[in-house]
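You will see subunit A twice below: alongside subunit B first, and alongside subunit C after that.
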Partner chain A sequence: MTAEVLPAPVAAPVAAPAIELAGAARWYGNVVAVNDVSFSLGAGVTGLLGPNGAGKTTLLHMLAGFLAPSAGTVRVLGRSPHRDPSVYRQIGLVPERESVYSFLTGFEYVRYNGRLQGLANADSAARVAIARVGLEDAADRPIGTYSKGMRQRAKVAGALVHEPQVLLLDEPFNGMDPRQRLAMMDLLGEMANAGRTILFSSHILEEVERIGTEILVMVAGRLAASGDFRAIRALMTDRPHTVTIHSSDDRKLATTLMADSAVFAVELQPNGLSVRTAHLSAFRRIVATSCQAAQVRLLEVLPADESLESVFDYLVRR
Partner chain B sequence: MALIETAGLTKEYGQVKALNGLDFQLEPGIIGLVGANGAGKSTLIKILLGLVAPTSGRASVLGMDVAAEARGIRKVVGYMPEHDCLPPDVGATEFVTHMARISGLPRTAARERTAEVLRHVGLYEERYRQIGGYSTGMKQRVKLAQALAHDPKLLLLDEPTNGLDPTGRDEMLDLIKRTGTEFGISVVVASHLLGEIEQVCSFLLAIDAGRVLKAAPISTFTQRTSVLAVEVEEGADRLAAALMGRGFRAKQDEACVLIALEDEALYDAVRDAVADLGLPLVRIQQERRRLEDIFREAVPASAGAQ
Partner chain C sequence: MPAPVSVLPEIVRITFRQLLGRRRTLLLLLLAALPVLLAVIFRLAGQVDVKEYSTGVFDTVSLTIVLPLTAVLFGTGAFGAENDEGTILYLLAKPIPRWIIVASKALAAVLLAVSLTVASVVLGGLVELFPAGPDGVAATEAQVVAMVVGSICYVALFVPLSLFTRRALVIGIGYMLVWEGALSFMLPGIANLSIRQYAIGASTAIYRLPLEETRLPADTAFVLSAILVVVAMAIATWRLRRFELSGGSD
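Here is the complex of A and B:
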C-alpha cells in the first residue's frame, strides 16, 4: 500500500481545529452545567461570555482535562484531554480561583509549573514568562505579599511557562487595575497573532470587544451563539437595527428618510433622530444621499445596537 | 462644606509609603476613585473611615476630622467592603437589622429601615433565606443595603461590581446612580473599570503611588477631539482619497477615515463624497478622548515594568 491510496487523511491534520466539542455535556447529579455543546476553534482569540452559572467554568475545566464530559466528546489538538498528560503539555490554564501558594515567590511558583510540565530549562522559561507579564520587580517576593492584580499575573505566567498552543483563561482580568488590563489585552492579542488558540471568559463586554470579535455565548448550559458577534447580529433578522443620526435639521431629514422603503420608523429625540430599519445595508447606502436631497448638513451617524453589549443583551434577555 | 478634604495626607507602613502627601478636595456628588493596585486606595478608604490613623497630614469627611471625630464620621458614612464579608447562616433581614442597630438605631427604626433599604436594592422574597445560598449579585446587594441602613450622607463603595455578570453589573450601576441622584447621598466608587466610572460618576479622583494623579470632572477627560471619524462598510481608501482631493487632511485606518476637523465645511464634503461614491455609511462621529488615556500618558517609575 502506498500513501496515494489514502489521500484524504494525509491532508486532514493541517485543518484540524485546536479545540473541538461535539454534543459535549457535563452534569453533576441532577444539575446540568453544560448541555449538548458543539463548536470548534482554531488559532486566534475568542471571548467566552455568559451570565454567572451558565457553565463557562465547567466548559473550561473540561477543555483543561479536569473533567470528563458526561456525554459527547471534547477534543484539544485532536485528542481527548481527560487524563492525558501529553495533551496537558499543550494547554495553559488560568483558573478563576486563587490557586497560588502564598509561601512561594512568584518565580518559584512559575518555575514549579515549568517543572510540572517537564521542562528541562524551567529556570530560564520561568524568567521569560515572568517578564512577559511584567512581574520582574516582584518575582522574588512571596506571593502572599502580592496584590490581587499581581497574583493574577503570576497565574498567567504559570500558565504560559511551557509555551502552550492552547491557552484557557477564566476571568483573567479580575482584580487588575486599568494599566494592567491594557497590558493583558495587548499580551492576549500578541499571543493570538503568534498562532495560539486562546479562549478567555469575561463579564466586561467592552473589553472583550476590544480584544477581538470572536465570541462564544453560553446561557443556562447551552451554547447560545458562536462566531463573529457582528455576523451574529446580522443573523438576528427579528431585531430591527437602530441608527442615531444628527443633522442640521433633523425634522426635515426625518420626512425624507421616512419616504425610503428601507426605513420603517423615525423618532425625533433631543439628541437626534432615532431611525429603525430592517435592511441595514440598504439604509447605509441611502443616508448620505437622503441628506443631500433634504439639503441638510450631516453631523453624526451612530449605530445604536451593533455593539457586543447589544448582541449579548439580545442573546441573554430574550 | 467639602465632602472630603485632605492635606499632605501620608501613611507609611514601615518603609513603604502607601500615601505620599495626598492633597485633594471633593464636592458632593458621585465620585469615581481609580488607581493602580497598590496605589493606596484601600489605605485611603480606611483613613476616611477613621479606622487607620495617618502618619502625617490630615483628612476630614463632611467637615469632621478623621483623627478627632472618627465615630461621628462612621455615623454618617456607609461602607461597602470589597471582600466577601457576609455571615452565611443568617437571612438578609436579620443581618441588615443587626448592622443598623450597631449603627445606633433603635430596634423598631432598625426594622423599618431594613425593610426599606432591602426593597431599594431589589431584594424581596429572598430576604428571609440564608445569605450563604445567595448568588454573587444578591450578596453585593446585601452589602450595599447594610451600608445604607443608617441613612448615611456618604457611601464608600469598594469595587461594588466585582464578580457580577453583565446584567448584574448594569443593575448595580443603575442602583448606585439612583442612590446618588434620587436620594442625594454622595457616593465614592472605587473601581478598576474606567467604563463604569464614566457611566455613573461625575467626578474622577485618580491616585497613583500614593499621590493624586488627576482630580477633575469626568467630562474633562472625555472631551471631543478635533478629529472626525467616518466609518464605511467598504471603500475607505476611495473616501480618503476623495476627501484629500478636496483639500482635507484625511487618513485611512482600516474601515475608518480620520479627518482633521478644522472647518465646518468638512461635514458637507463628507456627505457629498460618500453620496458620490455610493458608499454604505456606518458611522460619523467626532472622536472623544478616553478616560484610560490618563493611564497611558503618566507611567510612574514604580510601574515601569508595565
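Here is the complex of A and C:
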C-alpha cells in the first residue's frame, strides 16, 4: 500500500536559468494563445503583466507542465515539465481558479500537499507554511468557510510547503485586501532573496511595483516588453497621452496651447479639443496657465486613453 | 531526499471524502436499501425461496441496477469530482507516478462500491436466503462474489472513461442500459464483453445461482476480469500522462 514518490530531479547547473522559453507557442485550433515567446529567468521575482486574455495563464500552464508547447521549447530547471512529474518536486504552483478542497481545513490541505510531495515531516512543514502566509488563526477551519483572500493564502501555503525552487503564481493577489497583499509581496520578496525563482502574473500594474523589479509584459499572446519595472513604467508614463478638453472658447485655447512645446497636436472637435502631449504632469500645469492667458473658462478635462489596455497597446506598437 | 511515503492512502482518503460528500451518494444508499426492503417483503409474505429471490431481486435489482449504477457513480466520480471542482491541478502538480494516482482513485471507488453493494446483498441474504438453509447461505456468498467482481470491473471501466470525457456519467448509464441491459441479453455471443456476465460467471466458483443466463465459467470470468482491469488501468495511466488543461486563451 505504500508508494514511492519519484526521485528528485538532478539539480541543474548553477549557471542554467531556472525558467527558459525558446520560441514557445501554444495554439488551440486557429486561436493562438501564446506566440513565439522567448525569455529566461534566474533567481528573483518576476511579474508577468498583461491585460486579460493576453496568454499569461497559458504561459504559466506550459511552465507547470499542463500544456505542451505547440512549437518551441519550455524548460524548468533544465527539464521539460510536460510528462515529467518528477520536476514537481521543485515546482510550486498557485493556479488562478479559486477551487480548493473545501471540506479540508487549511492545515489539512497544506499537509496533504506536503504528504503528496513526499515530505517525511509534512505536519511541521505545513505549520511553517501556514505561519508564513499568516493563516494560523484559521488553520483549523474548513477552507469552505474562508474568504477569497484566505483561500489564496491557503493555496500559496500549499504551493510552498515543500520549499520549491520555482514558484509559479497565477493572479495571486486576487481577492486579497491591501494589507494581505503587502504581506504576500514581502513573502515572495523574501523567498526570492533566498535564491528562488518566482514568476507571478497580474493584470494590475501597481501590484508589480513593490516586488517585481523585473517584469514581462504580454499582449495578445506575444511578449511585448521585458526588463526592469522602473524603465518600463517610465516608458508608460512618458508615452504620448491624448486628453480631451472642453472650454468656453475651444478655438482660442487651441491657439494658446499650440505655442507650448509639450503639446504635439491639437484637434478641434465638436465635443471639445483633443490634445496630444508627451508629459502628462507638465501638461496639467500648461492647461491652467493657457486658460488664464487666453482668458477662457475651463469646463472639462478628460484623459482619453488611460486604460491598461491602451498602455499595453502602446508598448506593442513601439 | 525525502523518505518514501505512502501517498496512495492519502489520495484514497481524499477521494472518499469527495465521493461521500456528494448528494448522489445519498441516492445510492437508498438504492442499495431497495433489495433489503424487498427481502423483508418476501420474508413477511412467507416466501423463502432461493430461486425466486435470485431471479426476482438479485438479478433484476442488485445485478442490473444497484451494482452498475453504484460503480458508475463512484467510478466516474473518482476523477470527476476533482475535474468538476478544478482541484485536479493540485493532485497532478506532484512528483507522483501517474499510475499511482490512477490506482488510488480506482481503489477508493472500488472500496466504496464494494462496501455498498456487498452490504446490500448480505443484508438481503440474511433476511431472505439464510432461512433457506445451506443453499441460501451459499447463494448469498455467490452474490457477494458477483458484487465484488462486478464492482471492480465496472469501476475499472469507468475510471478511464472519466479521463476522456466530462460526460462519462451519461455515457456510463447509457452503456449500462444498452449494452449490459439489452444487448447482452439478446446477443449471447457478447458474453465475453459483458461485465454482468463476468460477475455471474465468477459467482459460480462458490455456487451456481439459479439465474436464467449464466454464460461464462468461473475461471474464464476471472481471467477476463483481470485482463479488463489491467488494460483499463493502463489506458487511464496513459491518458493521465498526457493530461492537458482544456481551452481558454488566457
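Worth a mention:
Criterion: the second predicted complex is superposed on the first by the 217 of 318 C-alpha atoms of A that agree within 3 Å, B and C clash if a C-alpha of one lies under 4 Å from a C-alpha of the other, contacts with A are read in each partner's own complex, and residues count from 1 in each chain.
Note that contacts are C-beta pairs under 8 Å (C-beta built on N, C-alpha and C of every residue); 3 or more make two chains touch, one makes a residue touch a chain.
As the structure is a computational prediction, the values presented were derived from the model and not from experiment.
Of the two partner chains placed by superposition, only subunit B is touched by A:179; subunit C is not.
By the document's definition of touching, both partners, subunit B and subunit C, reach A:53. Shared-chain residue A:71: touches no atom of subunit B or subunit C. Of the two partner chains placed by superposition, only subunit B is touched by A:147; subunit C is not. By the document's definition of touching, neither partner reaches A:268: not subunit B, not subunit C. Look at A:292: by the touch rule set out above, it reaches subunit B but stays clear of subunit C.
Of the two partner chains placed by superposition, only subunit B is touched by A:302; subunit C is not.
Contact with subunit C, but none with subunit B, is seen for A:118 once the two complexes are overlaid on the shared chain.
Touched by subunit B in one complex and by subunit C in the other are residues 52-53 of subunit A. Within the complex formed with subunit A, the subunit C residues making contact are 1-11, 14, 17-18, 21, 85-87, 89-98, 100, 241-245, 247-250. Only residues 1-8, 28, 31, 33, 52-58, 61, 64-68, 83, 85-89, 91, 93, 95, 97, 99-104, 112-113, 115-120, 122, 158, 221 of subunit A touch subunit C when the two sit together in their complex. Those residues of subunit A whose C-beta lies close enough to touch subunit B in the complex are 49-53, 134-137, 147-150, 174-183, 203-206, 281, 284-285, 287-289, 291-292, 297-303, 309, 312-313, 316-317. Residue ranges of subunit B in contact with subunit A, taken from their complex: 34-39, 135-137, 162-169, 192-195, 233, 264, 267-268, 270-272, 274-275, 278-286, 292, 295-296, 299, 303, 305-306.
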